[in-house]
Structures are given as C-alpha cells and as structure tokens.
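Following this line, the structures themselves.
What follows is a pair of complexes built around chain A, which joins chain B in one and chain C in the other.
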Partner chain A sequence: MAVAGTTLATGRPRRRSTLARREAIAGYIFLLPWIIGFLWFTLGPVLGSLGLSLTDYNAGGKAPNFVGLSNYQQMITGDPLFWQSLKVTTIFSFVSVPLGLLLSLVIALTLNQRVRFLPVWRTIYYLPSLVTGAAVALLWQFMLNEQFGLINSVLTAIHLPAIPWLTDEFWIMPSLILASLWGSTSGMLVFLGGLQGIPTELYEAAMIDGANTVRKFWHVTLPMLSPTIFYNLIFGVINSFQVFVLVFLLTGGIGASVGGPNYASYVYAIYIYQTAFQYGRLAYSAGLGWVLFAVVLVVTLALFRSARLWVFYAGER
Partner chain B sequence: MDVTKAVSRRSLLAGAAATGAVLAADSLLPGSALAGSVRSAADTVTLEFWTNHDATDVPLFQKVIANFQASHPNIAIKMTNETSANYDTTLIPTRAVSGTLPDVFYNRTFATADRANRGWTVNLNPYIQKERFSLTDFWPAEVAQETWKGQMHSLPYDFSDFGIYYNKTAFDKKGIKYPPANGNWTWDDLFRMAKEFVQMSGGKQTMWGLDASPIAWTWPTIGFILAWGGKWISKDLRTFQVNTPEAAELFQTFQDQTYKTNVILRSASLPAGFDPWQSGKLAMAINGSWATLQQRAYIGNRFAWDVAPLPKGPTGRRPISPAGGAWSIAANSKNPAAAWEWIKFLTNTRSAEILISEPTRSVPGRKSAVPTWVSVARSGKLPPAHVSVFADTMAEAFPVPTVPYYNELATITGNYVGAMLTSRKPVKDTLAKWQADGQAAIKKYQF
Partner chain C sequence: MAKTVSTPVERAHTVEGGVTPRRRSTMGSRVGRVLIYVNLIVGAVVLMFPLYWLISASLKPLDEISAFPIIWVPSRLVWENYVNLFQTVPIVTYLQNSLFVAATSMIGTTFSSSLVGYSFARLRFPGRGVLFIMALSTLMVPSWVTLIPQFIMFKTFGWLDSFSPLIVPQLFAQPAALFLMRQFFLTLPIEIEDAAKIDGCGYFRIFWSIALPLVKPAVIAISVFSFLYNWNDFLNPLIYLQSPEHFTLPLGLAALQSQYQTHFELIMGGSVIAALPCILLFFVCQRWFIQGIVVTGVKG
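Then we have the complex of A and B:
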C-alpha cells in the first residue's frame, strides 16, 4: 500500500491513497455542520458588520449608503462619548485585572496549603464565581448603598465617614472594581491547578540551597506559574474590556441612566449597546465594535510580546 | 466503525434531499408563515397582535378580542403577550429592521416619533380623515405625543401622570394637615410640610419628607422644567434649550432640599427592591397613576395613605408631562385596513373600560372611560380615596411632542440630572454641559 505524502525518487509527491482520501472526505463531512454554522452565524455576520460600519445605516426604512470611513472619523474627531467610554473601560481594565490576578493568586496559595477541611474551604472560595452577573450586581447594590449598605455600616461603626459609592463620580469606579473582584475566584481555580503542577523537586532543591519561603516563592513558584498568570491575564484583559452586565445593572438606578453619574462609569460595551439598540445607529455601533476589536487586539499582542521577558515554559531552552 | 462505508457520497446526498423535503413540507403545515399566508388568502384576514403587559392582562385582552371578532368575523386576531423586559430596546427594533413587525403592536408615546421617523409605523391620517374619526375624546397631550410631522402614528391606550402619595398615619402622628385635595398648594408649601418629618437617629437619617426620584426620568423632567418657566426643545425640534435660569432655579431648589435640609431622599442610590415609601420611611412620594393597585397590595394595613395633586410651580402650573401606551400599525403589515379596524376597536370606550378602568390600571387614554375608572377605584373604600386627582390633573398636562432622538436625550438627561441631584454637581455648569451634549445628540438625527 502506498504511503500517503511520500515523495517518489523523481521528486514528485505521491497521490494520496483512496483510503486516505476517503478518510479525509469523511472528516470534512463531520466537520461540515460546524463549518456551516461558523460561516453562517459567526464569520458571515462579523464580515457583514465590517461592511455595515462603512455605511450610514440607521435602522430606518432607507437603504444604507456607503460612506467610507466617516463613522470612524466621527468617533475620533467628533464624539466625546467615544473617548470617555474608552477611557473608563481602560481604567477599569488596567486596575481590576491586576487586582483580580493578585487576589486569586493569594487565595490559590492559601488553598494550596495542607489545612483541615481543605475541600470545604476550596468550595467556599469558589462559590462566588458561580453566582451570575445579575445577582452579583444586585448584591453589590445593597452592599454599596450609601444609606443602608453593609460596607458603609461598617465604616460608620468604626467612625469613618460613609462613602457615596454609587452616586459619586470618583467612587463609582472603585465600586465597580470592588464588585468585579467578586468573580475573580474563577481564576483562583486555574492558579490552584498551576500550583499543583509545579514539581516538588524544585522546592526540595531550593530548600537544600537554603531558600526561605519568600525566595522559594520568588524563584520557584512565580516563574513556574508564569504561564498560568499569562493565561489568566490575557483572558482577564479580554473580558474586562467587554464588561457590561455588572455596570449596566449596578448603575441602572443612578439618575435613571446607566453609566452614571455624569458618565463616570460609562463603559464601552454600554455605549455600543445603547448606540445600536436604543438609538438605532447600527452602522456606527458596528464601527464601535470593530474599534474595540482593534484595541483588544493591540493590547493582547503587546502582552504576547512582553511574555518573552517574563513567561517561562518548562522545557524551554 | 468504518466511516468511509457508513457515509458515502450517495447516502449523503440522499439524506440532504430527504431533509430538504421534510423542511419544505413543514413550511406548508399550519403555524408556519407560508401556510398562514396561503390560508388567509380569501375569507379571513389574520392579524398578528403584540402586547407587552402582565400575564394578568391577557384574559382582558382576550375578552376584547372576542368582542371584536363577534362584530368582525372576517378578521382573526392572533395575540402574543411579549413580557420581555427588552421589548422596547431590542425586540421591536430587531423585528422592525427585519421587516417582520406584527400587524399591530404596543407602542409607547415617547417612542412614537422615533419609530415613525424610521418608517416603521403606518400614518393613520388617511383613515382618520376618510372616516372623520374623532380624536376629541383622547387627551390632547397624548394625541400630541403620538403625532409626528402632523401625522398620527398610533392611537392612545393609556396615559400616566404623577401625584403626591402621602402617609396619612405619619401626618396624623405629627398633627400636620394633609396636602390639599383641591391641589391648591405650591412646592414651597410642600417642602415646608416635608421638613417636619425629617428625623435623625445616631447620626443616620431615619425618615425623609419626600421621594422625588421621577424628576430624573426625562418625561416627567420636562413637566418640572416647564412648570418652573424653563424651556425644553424649540418648536422646530432642532434646538435643545434646557439651560435657562428657571431650570437652574428648579434643580438648585431640589439639590438644596436634598443636601441642605435633608428633606428629599437621595433615592436614585437605593438598591432595587427596597422601597422606603412602603417601609414607612417617607412622608410623601412623587409616584404615578399606574402605581395605585401595586401600593395597595404592598402596603396593606401598615399605614393609611392617599394622593394629592402635584403642587404648582412658579408659573402657577403643575409639572404634568404624562406619557403612556399606544397601538401602532406596522409599516410591513399586509392588512393595514383590517389593522385599523382592530386598533379603533381596541381603543374605543368599552375596550378601555375592560382593559384599564375596571382593573384600575393607569388613566385610560379615552376621557369617556374615566368615570368608570374613578368609580371602580373608589369602590370597596380602598385607598387612595382621591384617586380621581390623576384624571383631574391630566387636563393640565403640557402637550410635549416626542422626538426621534428621545432615547439618546433620555440617557443624557438621566446622567446630568443624576449628577445634580445625587452627586451634588454645580447646577449651572451641569446645565451648560447637559445642553451642549443634548444639542450634539440632536445633530446626529435626520428628520
């Protein structure tokens, strides 16, 4: 039987055998439903939205007209809300992601110790990540309420002034970041897996060399965990740029307008949603979506580039 | 399993052909769109009809449908009660863009102009003029909201305005006279009265005089601004005019009553589900005509309460700028004439009595259905005893036309009113920014 893909003595590639060809066709047939679904429901609409962003379509009776890059031009030169929403989202991402990583790493390190009832502790710390976005937002609305909230009750009990968490332009961002940390325990699970994958021989070797706990953490744990940190960082950044539910529900009652007060919590995803569904400016909102894609792509590529400096993969030379 | 034998090209083609045949056959079965149009060819016209109400309203609509079909046997109504919270923001726009709106659908007065401007709804004027259909029984302010460029695009269903809900038990405890049922009072009178109820305990406030949260909802905001002598939008709808000394006085007053005298509850910061009025922590609350039944159910016997008309502003007028529900015919409807017959019936006096007056929903869109509404509301001697104030003050409403950029202006308004009343931003600067942003938003719309 001829071996598929081998080259004859003349240098010409052999033809695939009939069996190999049949297997390939069968493979594609089984892939076909997914391929069709991907083309029809994902790639098609994605490319369609790119085309739409180059028109002036406003969800009205008129057909869209090609306007080139004027939507993008308007965003950059004539739309203060575009810059405001991008600024708010970037601040949220750059603060909440590192804090979330730190918190989940600390919890993972704690849960990696040999303590009694360890499965119970792990379950308790993982449970918050199972609570859905709407419930989390409502919960934090209660906790952060200026007059009746739990957090201000604690502050006033220790003679500190109550903070207008959800009604002040400055404090709304810390409130959102605080509420977002609630869901960072899902990253804890990934870190826990990473910690348990670190070979114990490395710790033994470090002990023999006289390393204390801090040095073991710095020279063994962190480098070996760096791929996991990198993974959580990438997904954290991508998700944080798309934050919507938490902000939409947490600020929905402020002046009866989301993203307030005074646009201080007006994240990019809310701007896209309102532009598309509440104002009907579909072409413009499609453009906003593509800009978000470009921003997240640039940030992700930068992180990948930086990974060469601080991410160490076992087995790398 | 040998997949190369199990799935041959011939068997794949045969399977695809069979699947296609099944799908084609299914499209001709009852329930599919194609089957529907084939069957509605000759005798009966079937109208697709969408409401956006509670499940408890469904039997009432079915009663009205039965009445309609008794007198119009050739028009069948297929009703769907879409309870989705995203009915206005997502469902209707998505269906409109795809050209698949139901023949008749529930619209909102402040959304009428936007949907009419996009060409989603049918202009009703030809039908109104041909039949000399009278609009005089509808509230003039509601007719104004449902008219776009001189054309009516929906018929009124109900109309909602505001009043002052007050806690009679709290008033009795303090020995303070109730707000006047004849509405002969001003906002200064109200704030003076409300200040008597402010209570502090251990450094925390435990009782407030007034909940004024609706002032940030945009459609009521307009009434407040106009009652203070301010302006909203120019007659040609292209200039946003909110930044006036009168509006500054309005918001400064409410800001001072919130932060200096602690009379007004900073209720925009309240968590969902917590209601200080129902908990008895408020002497008075601005609330709507739709809320009477709900308040009866929630308050029960905890305290006695009633309603009074909103006080008069500096202009001598009350801040009444209502909004409501309406019925529109979709531009993609293949049976607009039949749809017109249906919405005429749906909004006649008897239908309004069945749907709104007898269950005591908000104020009926038809004035002739109001007496039934008042008598039902008063029967059983349940509060509020003065429920008729909502209908009585409707005649004083400012006729504010809605605009195609209402949604965007509402987002801007909510942010800036919130900034003034919940974040205590300087009123003058905030009004200037509000006007600038509002004007920038108007420029994005073509009409």
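Then we have the complex of A and C:
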C-alpha cells in the first residue's frame, strides 16, 4: 500500500552513534506493547491454529494425534456445510460490499454539492452506523417480522404481498443484506473527505476543455477518488467475510438453530463457531479458520492486483 | 498550540464547508438544488425510520406493538416498559460489566497505541519499515483464525467466565489505532521535539508531555473507536462469559431475546439502552471522531 512508503525515511542528518543507539533502544521499548501483543495474540495463535488443524484435537481433552492434512481433505471432499457456508458468505460479501460502497458514494456526492447545514446532514447519515452489533440485529429482526414488522406493513399498505423475510430460503439473504446496508453509510464520511481533497484546478481545467457534469465525474472525480474506494473495498470485503453477530441474532440467537432456513444464510463464521463451541471439534474449526484466512488473503491480493487497472494515485508516474 | 496540528484540522474544516466557488444560479441549477434537498430529506427519513421505530416500539403499549395495520405513533408513552425491563433482567449489572470492559480496554488500547504510533512516526531504529508493514498487515488477519488457540490458551489460564479474555488482548496496541496515531504524529513539526531533546528531555517525557498533548484530537478519536468496539463486541463475551452476572450488555440482549421472544417492547428497550451511549458519545466527540475517520480513510 502507498501508506507504508510515504514517510518512513525521514531524511535527517546522521548524528553521533551513541545517540542513534539510544534512540533505537527507546524505539524498541516503545514498540513493546505491539511486539508482545503481536506475538501473543496474533502470530502465536495463527501458527497455533495451523498446528492444531493438523491434529484431531477435540474439546473432550484427549491428547491430540497428528493426522496430517486430513481435516482439510475432509472439508474439500466430504463436507457440504463447508461449501455451503463458503458460498453463502461469498454471495453476501460480493453483494453487500459493492452496494454499501455505492450507497455511501451517492450520499457523499450529494452532500458535496455545497449543501447547507452540512454537519447536520452528515450526522443524520452517519447515525445508523453507530447502532451496531446485537442492537442492530434485534432491531431488524423486529423490522422484518412477517406478521407485524414495519417492512411488511408498508408492503401491504401499498397492496403488495407480505414477504416471509426471515423464514424463507430465498428471502433470508436479501434480509441480511438489507440489514447490513443500513449501517454501511459510515464509508460516506471517508468519501466526503476524499471528495474535498480533489484539487479544484482539475475541475476548472475540465470545464475549460468543455467537459459536462457526467464527463467531469468519470474523468476527474472517479479516478481521484479511486484510492479511497479501494481502501473501503478492501476493508469492506475483509469484514464481510467475518460477518457473525448479525446472522446469529437475526436468524435465532442463543439456543436456536441459527443460520436461516435450510442453511440458506449459514455464513462461514457461524460454521466455525458451531464447529468449535457446540460440537467441540476444535482442530477442525481451527482448520476452517485457516481456510478463511487463506480466502481473505487471496481475495485481498486479487483486489490489490486489480488495483493497477483501476486505482489512480495522483503522485504516481 | 493549535497551529501545529493544522493539517488534519484543516482537512476536517474543508469537510465542513464547501471549497468550490459558488456558481451563478440559473433556473436549471435552482431546480437541481431543490432536487438535491428533496433527495437528502427522503434519504434521511428512510435512514432514520428504523431508529424511530426502535425507540417508539420500546414505549408502546403491548397490544400496539403487534397491531395490524401498524400504529405509527404510540397512543401513549408507556415508560413502565423500561421499569419492566429493569425488573425482569439484571440490566444494571450488564451495563456495569460493559462499562468496565469497554473503559479498561479503551485506556489500554489508547495508551499503548499512542506509544507505538509515536515510535513508528518519530524514533529511528533498524527494521522500522518492515515492522510497520507487519503491524498494518495484521489488519488482514481475520479474528476467526486466532480464536481457537486463544480460547484454549485462556482456558488453561483459568480465565473462562472472567473479563480477562476480553480486556487483556486490548491492552496491547491495535493496528488501526496505532496507524492513526502515527499519521497524526507525522504532522507535528519536528523542531519542538528537537528543542526538548536539546533541553535534555528523555524520549518518554517528549512523547508524554510534548507530542501527545498536541495530538489530542487523535487520542480522542481512537478512544471513541476503541470504546465503541468493545462496548458492542458480541463474539468474545459469547464465547468466554457463562454466568449471567458476568454478561455484558450485548450478550444480555441476546439472552433477553432467547428468553422473551415475543416481548418486543423489552428487546427494543434493551437495544435502545445499548445504542444510546454510542450515540451520545458520538455527539460529544463528533469533531474528533470524524477527523479520525477521514484521516485513516483518505490516506489509505
């Protein structure tokens, strides 16, 4: 990412080596909270997860046996739930993330039209993304209730049929996406910042060249905003592959069979959770976690590769 | 003082006010402007409606919640719903637990991330670039990969059903927070710190008494982010907490949902209580919060 390269080298003149050594020692000491946390809660567990996934360790507490890649083999060849959860999660991610970005972008573009009371609008449009986690899932469970939910009431009021949002195999995914879209407007702030950062000279030059509003958008706004879109896309995808609480509470919650009718919204994180904490298959669950890591990594790398084609960095040659 | 942190502050100001020069208002552009406001109002109503629905449902008489056709405005405000809520569930305990976990984690994350961010921004040592890229790349590691080994580890520590698994990992610098701190520290002019160094200040003194007070907006921003994240966290409490007297609010809400499935007035009331502190915190810290989002997001 461009982030890292920007200011790493501060070109200050070299000073006496004892001073430099003192500075380096202080630097490492200041870094300790991250180093310890990284080793203890990230690198260690990531490697531990990999090692664990090569065993048959269960919650029962028996000593683990090394079983090689058989957990992974089972996932790929004999586990329909693995494929189902991967499919459902991919669909969720590929639909909800672009839609969320589009929505945020449209809001940001509208707010960038020199509207009055901008801080008020900005607050209103940001507010939904402050309601997160359990509260948002429970709210939408109520909103989408088949008998007396708000959405169906509106539909019947305009003489449309009521929709079994949460109980139908087909409708559960649109329900999830709808609920996730409601809180996805936070990207709007970042886009707004990005829009304000586009130099006005570019628009003036475009105007002199006779560009109309549409062309200005395609040839100035969009390219200049593409790094911001890219940043939001990357983190949107990473987060959406880990969606859990929304599905967990929207489709039942504690003690219920979660994941929607006939596993129609059985997202990957729910599969990991149930494998580990309801069936006690810790090793297999660790393997599932590693596959998720690999999938996220591949998708992220693919996005980074694609960035060359569509992300424009102003400072780059 | 204020001038030294001008870059991010200025950016936030441009977010507030327009930069493009005002155009002549022709007939067409006037219609366009009206359309913009119409769109904004319609969008705001649609986005705000679920919030209104949430609050109004929590104050409706029981028979009006499931009435059909729906009742848009409650006939009277039933504050007893909240009294009921406090009597049926130990919501005060949940609130206390959530507050404790979120506040301790917030202090730990903010302090450690500031320290690490300062180190990455200002102190020179071999391997700084590589370590910084490593710190950033952990943003791409899903928490689901580390979950099982962490669970086994905390279990062997005897930490199940305690707050330690929720708090201890948060005491160490978090990648997003340290990145934001670094970006802000980089905007400070180096001369102030150099002057302090000549005066014989140690590195920690320079960080603590000179650099940190100058990036107060960033400190507030990451504090708010951290508080909201830990306040809303659901997965870790679900996995680690077992006895109801240790539940945090989101977990308590889930328990409420499974116990009182049809009592939407209680569930919505609980959700209001969970969401309210986040909204209040946002209003109080709005300026810095928005700056933080814009700086991390745009520079990415």
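A few comments on the model shown:
Keep this in mind: the second predicted complex is superposed on the first by the 296 of 317 C-alpha atoms of A that agree within 3 Å, B and C clash if a C-alpha of one lies under 4 Å from a C-alpha of the other, contacts with A are read in each partner's own complex, and residues count from 1 in each chain.
Throughout what follows, a contact is a pair of C-beta atoms (placed from the backbone, for glycine too) under 8 Å apart; a residue touches a chain by one contact, two chains touch by 3 or more.
Quick caveat: nothing in here was measured; it's all calculated off a predicted structure.
Clashing of chain B with chain C is the outcome of superposition onto chain A. Of the two partner chains, chain C is the only one touched by A:297; chain B is not. Contact with neither chain B nor chain C is seen for A:82 once the two complexes are overlaid on the shared chain. Applying the stated contact rule after C-alpha superposition, one finds that A:260 touches chain B and leaves chain C untouched. Shared-chain residue A:166: touches chain B; no touch with chain C. In the superposed model, A:40 makes contact with chain C only, not with chain B.
When the two complexes are overlaid on their common chain A, residue A:277 makes contact with chain B and with chain C alike. Of the two partner chains, chain B and chain C are each touched by A:147.
Applying the stated contact rule after C-alpha superposition, one finds that A:131 touches chain C and leaves chain B untouched. By the touch criterion defined above, A:227 lies against chain C but remains apart from chain B after alignment on the C-alpha atoms of chain A. The larger set of touched chain A residues comes from C, when the choice is between chain B and chain C. Residues 23, 25-26, 30, 138, 141-142, 147-148, 156, 253-256, 277, 282 of chain A contact both chain B in one complex and chain C in the other. Against chain A, the residues of chain B that register as touching in their complex are 3-4, 7, 9, 12, 89-90, 93, 96-97, 114, 117-120, 203-205, 213, 216-218, 266, 268-274, 331, 405, 407-408, 410-419, 421-423, 425, 430, 437, 440, 444, 446. Remark: chain A residues 19, 22-23, 25-26, 29-30, 58-62, 80, 138, 141-142, 145-149, 156, 164, 166-169, 253-263, 266, 274, 277-282 touch chain B in the complex. Within the complex formed with chain A, the residues of chain C that make contact are 11, 14-22, 33, 36-37, 39-40, 43-44, 47-51, 53-54, 57, 65-70, 112-113, 115-116, 118-120, 123-126, 128-129, 131-136, 138-153, 169, 171-173, 178-179, 186, 190, 203-204, 207, 228, 232-235, 238-239, 249-251, 253-255, 257-258, 264, 267-268, 270-272, 274-275, 278-279, 282-283, 286, 290, 293-295, 297-300. Taken together, the chain A residues at the contact with chain C in this complex read 1, 3-4, 7-8, 10, 12, 20, 23-28, 30-31, 33-34, 36-38, 40-42, 44-46, 48-49, 52, 107, 110-115, 118-119, 121-128, 130-135, 138-143, 147-148, 150, 153, 156-157, 182, 185-187, 189-190, 192-194, 196-197, 200, 203, 227-228, 230-232, 235, 238, 241-242, 244-245, 248-249, 253-256, 268-269, 272-273, 276-277, 282, 285-286, 288-290, 292-293, 296-297, 300.
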